[in-house]
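After this come two complexes, each holding chain A, first together with chain B and then together with chain C.
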Partner chain A sequence: MPEDASKLVNINIDGQDYKVPAGMNMVDAASYCGVEIPHYCYHPKLTVAGNCRMCLVEMGTPMRDRSTGEPVLDENGVQKIGWMPKPAIACASNATPGLHIRTNSDLTKACRTGVMEFLLVNHPLDCPICDQAGECRLQEFATDYGRGYSRFVEEKNVKPKRTVLGPRVILDDERCILCSRCVRFTEEIDENPVLGFTQRGSHSTLTCYPGQELDSNYSLNTVDICPVGALTSTDFRFKMRVWFLKPVNSICTESSAGVNTEVWSREGKIYRITPRRNDAVNDTWMADSGRALYKQVEAESRMKLPRISGNQVSLAEAIERAAELIKSGPTAYVASGKLSVEEQFLLGKLAKVKPGSVYFVDHSREGDSRLISEDATPNLRGGLVTGLISELPGERLDALADALKAGEVKTVVSFGENLINAGIGPELLKKTDLVYLGTHRNDTTDLARVLIPTLTVFEKAGSFINRQFRLQRFLQAVPGLAGLLPDVVVLTRILGDISGDKTPDPSMTELWAEIAQAIPALKDLSFAKIGDSGVELDGSAYDNLPFHEKPGWHYEPKLEPATTSGSSF
Partner chain B sequence: MAKVLERKPLTFAEKTYLPQVLGGLKITFKNMLGKKVTMEYPEERPNIPDNYRGVPTLVHDPNGREKCVSCQLCEFVCPPKAIRITPGSIPEGDEHEHVEKAPQDFEINMLRCIYCGMCQEVCPEEAIFLQDVYSLVGTSREELVFHKKKLYELGGTRPDQHYKWDVKKAAEEEALAGNGHH
Partner chain C sequence: MIQKLPVQERRIVYKHVDEEGYTNDIECYLKNGGYEVMKKAYQAQPEDLRQEVLNSGLKGRGGAGFPTGMKWKFVDHKSGKPIYLICNADESEPGTFKDRQLIYQDPHQLIEGMMISAFANNCAQAFIYIRGEFINGARILENAIEEARAKNFLGDDVLGSGYSCEITVCRGAGAYICGEETGLIESLEGKRGYPRVKPPYFPAVLGLYQCPTIVNNVETLCQVKHVIDMGGDEFAKIGVKGDSGTHIWGVSGHVQRPGYYEIEAGACTFGDLLHDFCGGPLPGRQFKALIPGGSSTKVLKWGEKFKVKHPNDGQEYEWGVEDIPLDAISIGLCGTFLGTGGSIVMDDSTDMLEALANLNAFYGHESCGQCTPCREGSLWLEKLSGRMTSGKARPEDVPLLKDIADQVAGRTICAHGEAVAWPVQSAVPKFQDEYLDKISKQASGQRYNPAGYPLI
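Showing the complex of A and B:
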């Protein structure tokens, strides 16, 4: 990106004048102006390699007299354009004042056809078995610029077809077009340069350094940026063709970094998660561990049936019983940053209707100074902004345990928190009226009086506030389990039962109208206004809190981070 | 506007009905004495032309390799969404390991199929053919959802012009032996 993006310069693409930020890469500048320059090796977040030659265009600059430096004018008094005699690659040029390019001239078209022909010379054309088919740049540009038939009568090169590069990545060398995006990624972004090319010319082969493997937690980004089907994900390999999959914008719940993602599903089944570009949060990257989180939807430990004291009941009965227990009280609420802003807001309402202390549980662990922060919950700051907590939580709920022992609290509502891990013993829990809302089974769920299974992040919509105090929304990717309802609906119904004032299940719009009114920090916002890239909130009020997060990509802590208490989460 | 048609009175010949009766008898005798156009189905069966679009089937190549690689293009193109494929991979060590991909299951719902032949047209591996079976009966809906096994039984073997994967394997073996281009 340019150093001073506010400064615009005039450029000319195919005879049309445009204004673009000074110094912008010409591939980006053209796409900014709505003109596509085909490219393989260029990636906005990596250095320019200029080796695929696909982005060749004709280029010219305003002419000046060499001796005097005076502009050379034509008969109409317009400065002449000095076209370069040969095409130049757009990715290695930046927008400068008066730069002219031609992207659809005969020469440019001939260049693209020629480059495509060379790239396809040794390409195996095994699209029917290639996972990239449908989102393959080679396929797309072959239809756009290719010849349509092959003149190559010689034998194609044979290269290794199923090289295991690492635990999550498989390489098909025949499909590789040697763009070196993956090599540059491992070197520049992952700083773990294990990939490289060996041999020469058309025999060049992508190889892992001997004795090493591509096992970094960011290895699957190489699969995302591979413009062809050379690098494929072991998990997604041969699972489903991409044209059947529907992407839905979501947010990764792995940590408070709030990585923007796309969740790809077909007919209610999720097949993969890929990163979504957000230059303020995760650029175009994502950790491998976050991509596996979709498996929680169909995990064996997933709870599917509402229960009262272990017996199956209907959801309506469970909600009614939960409301009774909460009402009889005295009640305490245990939550954490796993809840979305909307759920935390409704919890705040609940704690007003039936007053009780709200406890948060801290889920800290080691981070990686990148996109996995020290806080394992996506929305701790939501608890601060919605006013549920004013200080950072601890890992243990000793205060609640004391209150339970002293009989000051009778009912505990846990929002997916394993209370046994948080230091409340099973004996104590057995004597407690425990209402548990959560998705997966754990030690605590077995002891719950009322168990209300809820939905995972993929089955509901909502928003999180990440470590940068950026409010980001996630949308529903797949339908929830049959018979279950989103947490916000369950909470609204419990609230209605307790207050006796039953309201219809709220839509996101209605809920946000209420939130915007009640919470000053979220004033003027609505669910729609959060948009796909999120909204940065003013977090200066919390600058003095010792958050656990250490510096990471796009994140600098305001205070020296507090020491994390260990690896438990 | 309603259109009023004038009805002409019948002529004398028409009133006798004889020309019409004779005309009818002419057709009757012509068919009685001419070539038969019906056949004694089901004892007798019609000749099915090669380009007939009967039941879609999966085929093996003459070497017994299942040709489908589960690219799911037919599933995509199928207008009534009759096809459902569960893709799978060919395990390592298999004779056809180099093909990498094969369907775990291949379902065609014959109650949905409209015999349009789009699947055959789109198939890049020439693995699905609408062949000469035209009479399907079943006693339940499940019975008429054909799975992979049944589809291969119906399909049998078809000649192959390319042996594309065998050529590929031969090239790989050549290369391994050091005689190849690489």
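Showing the complex of A and C:
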């Protein structure tokens, strides 16, 4: 991003004057003005390599007299433009006052046609079987700027077709256009420089250094930034044509970093997750482990049927029974940052209608100082903002265990928390009226009196507040399992059963109207207002809390982080 | 002012090359007045020395011909970073063999020139980047450096001046592209020899290890010694306006006496060089084509006429190839370059398509592969001309050659793009009749033999 975004300069593209932030890269500046400069090697988050030559444009600067430094004027008193004799790459220039470029001149067009032809001479015609087809820059720019026919009749270079670079990435070297984005990513962002070129000239081949592999937890970003189909994801390879897939904006639940993602699905089945650019949160990056989370949707351990004491029942029966147990009480609620803001808000309402202590469980572990924070839940700060908790939770529920032993609590509602892990023994649980709302089976679910299966983050909408106190929303990517309802609906119905005041299932808009009124920190907000890039909240009220998160990308803790506990990441 | 002078060599940097009894050790060098200029130079102020070089009009001898004094002037002295001097001894342009003699026969002249240049530019450290194939050259230089260090001509507190500078020899690994100054710098840093993107990586500001760096050719640095010896203004009197000093012409190919000749700039013509120095064409042959200054410069064809208006005297001339005076200005007027002065002469026994295919094969092999036009264009040209010479040419391949070259020149990161394109861009229009003739003969099953000479 430009160093001083507030300072605008005048530039001229194809005879049209524009104002852009000073110092902005010219490829970005043109796009800012709505003019496309095609490019392959340039990436806004990597250093400039200038090797693809696709962004060649004619460039000129206002002329000044060499000896006096005075502007050189034409007969109309306008400063003359000194056009460079050769085309220049836009990606190696930044916006400076008076910079002129021509993106539609004959020379610029000839440059693009030439570069396109050169890129294709040794590129295999793999499009019918290539994963990148449909989202391939080479295809797009060949259509836009290519010649339309080939003049190349020689034999194409032959290179390795399926090099396993690491556990998650497979390389097709023939498709590689040697833009070096992946090499720069591993060097500059991942700081694990294992990729490089061997051979020379057109025989250059992307490889891993001998004895090494591309096994970093960020390796799949190389697949994302590869402008062609050279680097492919082992998981996604040959699974689905991308034009059949529908991307939906979501948030990664792997940690409190709140990585912005796109979830790609077809006919209710998710095929991949890719990062979505958010310069305030994750830039354009994402950890590999977060991309595998969609597998939880169809996991073996996914719970599909509501049960009462182990017997299958309808969801309505389960909700009714749950409400009865909660009402009979005394009741305690166990939740965590895994719940969305909306769910936490409704839990807060429930805890007012049927008063009981709300316990949070800590899910901290080791982070990676990047996009996997020490907190493994996406929305711990939601618990603070919605007022469910005022202090950081511990990982054990000893206070609740004592209360259960003393008979002060009879009903426990667990929102996806494995209570046995949190220190409440099976014997104690057997004596408890346990209502469990969650997605996957674990030790605790077998002991639940009422079991209400819920939906994963991909099957519902909502919002999380990440470690930066940034409120971000996720949308429903695929339909939920048949017969199940979103958590907010389940909670609303339980609330209605208990209070006797049955309301219709709320829409997100309605729910947010209520939230904005009830929670001062979220006033004036609505679900729509959160937008695709999120809203930064004022978290200064919690500056004195020793959050577990250590410094990471775009995150600096306010206090020295508390020591992490739990299993190592 | 351009006139035929009596043809004679004027040996300045080549003074002792091939001299009877002259050896490359320091004793011999000292006996011949060695390191005296350096002693004198170290009494002067560095900025005065830089001014002398600027006044001399000395142009870089590595091929591009950029004024050395200007290059030094661009160096950022205010950054607070160390300034490096690099001697580019990666002489690998086909047809060029001038630096080799200096390194092998007169290494102390280079060291003296380097120590003067390093002192003039306040360099903290100097390097000699020598092509990998010059194994003995590297040994000779290292030996010479040790000899010079023993006499305190380099190292700590040189000659009691308080100035310290080391020279380190670094061998390349056999890549032509490492002769490109930024490719060289990358290679010297231990990376792949990928030329850097300019802007922003101009060596004078962001060179070796991102510090200000001067990269000069071997011959240039040797010339510096003589510039300081004579004084800049005196040196500028040698040669012609805009191209001072002498040029070493390394003539190879179809002449009677191929070899190297140091001649004052503009003192004679190609005709004089080829006939008087080199003894003319081989018996019974006629000159056909000339690549004037290293293989990447544009080819000249006998029979061409160049109508030029000379900027130095304002007069108009009509020159044939043999009338072109041997200075950068005149050669530049004829649409080609003096380059390194490595002239490749071809006579009428040459199959020009084979000659072009040979050059294309070289540039295809040597493209570093970093940027698209050069990487793909050079190999395409290599494959295309390879197919054309193997009897499978089509007439439409001839304009295609030029089209490909046109898509390379001026669109690459470094000048290798021009090196790839210029031979093709110049040869195709000049020799396309011959190419088409060959293609049609091959198509009808005849053997192609341009002038009926036995094929080698």
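The rule is short, and it goes like this: the second predicted complex is superposed on the first by the 566 of 569 C-alpha atoms of A that agree within 3 Å, B and C clash if a C-alpha of one lies under 4 Å from a C-alpha of the other, contacts with A are read in each partner's own complex, and residues count from 1 in each chain.
Everything below uses one rule, namely that a residue touches a chain if its C-beta (ideal position, glycine included) is under 8 Å from a C-beta of that chain, and two chains touch if they have at least 3 such contacts.
Please read these numbers as outputs of a predicted model, since none were measured by experiment.
*Asks:* After lining both complexes up on chain A, report clash or fit for chain B versus chain C.
*Replies:* The answer is fit.
*Asks:* Just to be sure I read the superposition right, which of the two partners does A:152 touch: chain B = first, chain C = second, or both, or neither?
*Replies:* second
*Asks:* Report for A:118: first if it touches chain B alone, second if chain C alone, otherwise both or neither.
*Replies:* Second partner only, chain C.
*Asks:* Would you check which partner chain A:133 touches, where first means chain B only, second means chain C only, and both and neither mean what they say?
*Replies:* first
*Asks:* Name the contact category of A:80: first (chain B only), second (chain C only), both, or neither.
*Replies:* After superposition on chain A, A:80 lies in contact with neither partner.
*Asks:* What is the contact status of A:243 with respect to chain B (first) and chain C (second): first, second, both, or neither?
*Replies:* first
*Asks:* Taking the superposition as given, does A:161 touch the first partner, chain B, the second, chain C, both, or neither?
*Replies:* In the superposition, A:161 touches chain B alone.
*Asks:* Given the touch rule stated above, what does A:203 touch, chain B (first), chain C (second), both, or neither?
*Replies:* both
*Asks:* Looking at the overlay, what does A:349 touch: chain B (first), chain C (second), both, or neither?
*Replies:* The answer is neither, since A:349 touches no partner chain.
*Asks:* Would you sort A:45 into first (chain B), second (chain C), both or neither based on which partner it touches?
*Replies:* After superposing on A, A:45 lies clear of both chain B and chain C.
*Asks:* Comparing chain B against chain C, which has contacts with more of the residues in chain A?
*Replies:* If we count touched residues of chain A for both partners, the winner is C.
*Asks:* What is the minimum C-alpha distance, in Å, between chain B and chain C after the two complexes are superposed on chain A?
*Replies:* 9
*Asks:* Going by the contact definition given at the top, which residues of chain A touch chain B in one complex and chain C in the other?
*Replies:* 154-155, 157, 203
*Asks:* Give every residue of chain B touching chain A within the complex, in rising order.
*Replies:* Listed in rising order, the residues of chain B that touch chain A are 69-73, 75-76, 87-89, 98-101, 124-125, 168, 171-172, 174-175, 180-182.
*Asks:* For chain A, which residues are in contact with chain C within the complex?
*Replies:* Listed in rising order, the residues of chain A that touch chain C are 48-54, 56, 85-87, 89, 92-93, 110-111, 113-115, 117-119, 121-122, 151-152, 154-155, 157, 177-178, 196-197, 199-204.
*Asks:* Which part of chain A faces chain B closely enough to touch in the complex?
*Replies:* 124, 127-129, 133, 154-159, 161-162, 203, 237-241, 243-244
*Asks:* For chain C, which residues are in contact with chain A within the complex?
*Replies:* That would be residues 175, 192, 197, 199-200, 364-373, 375-380, 383-384, 387, 400, 403, 406-408, 410-413 of chain C.
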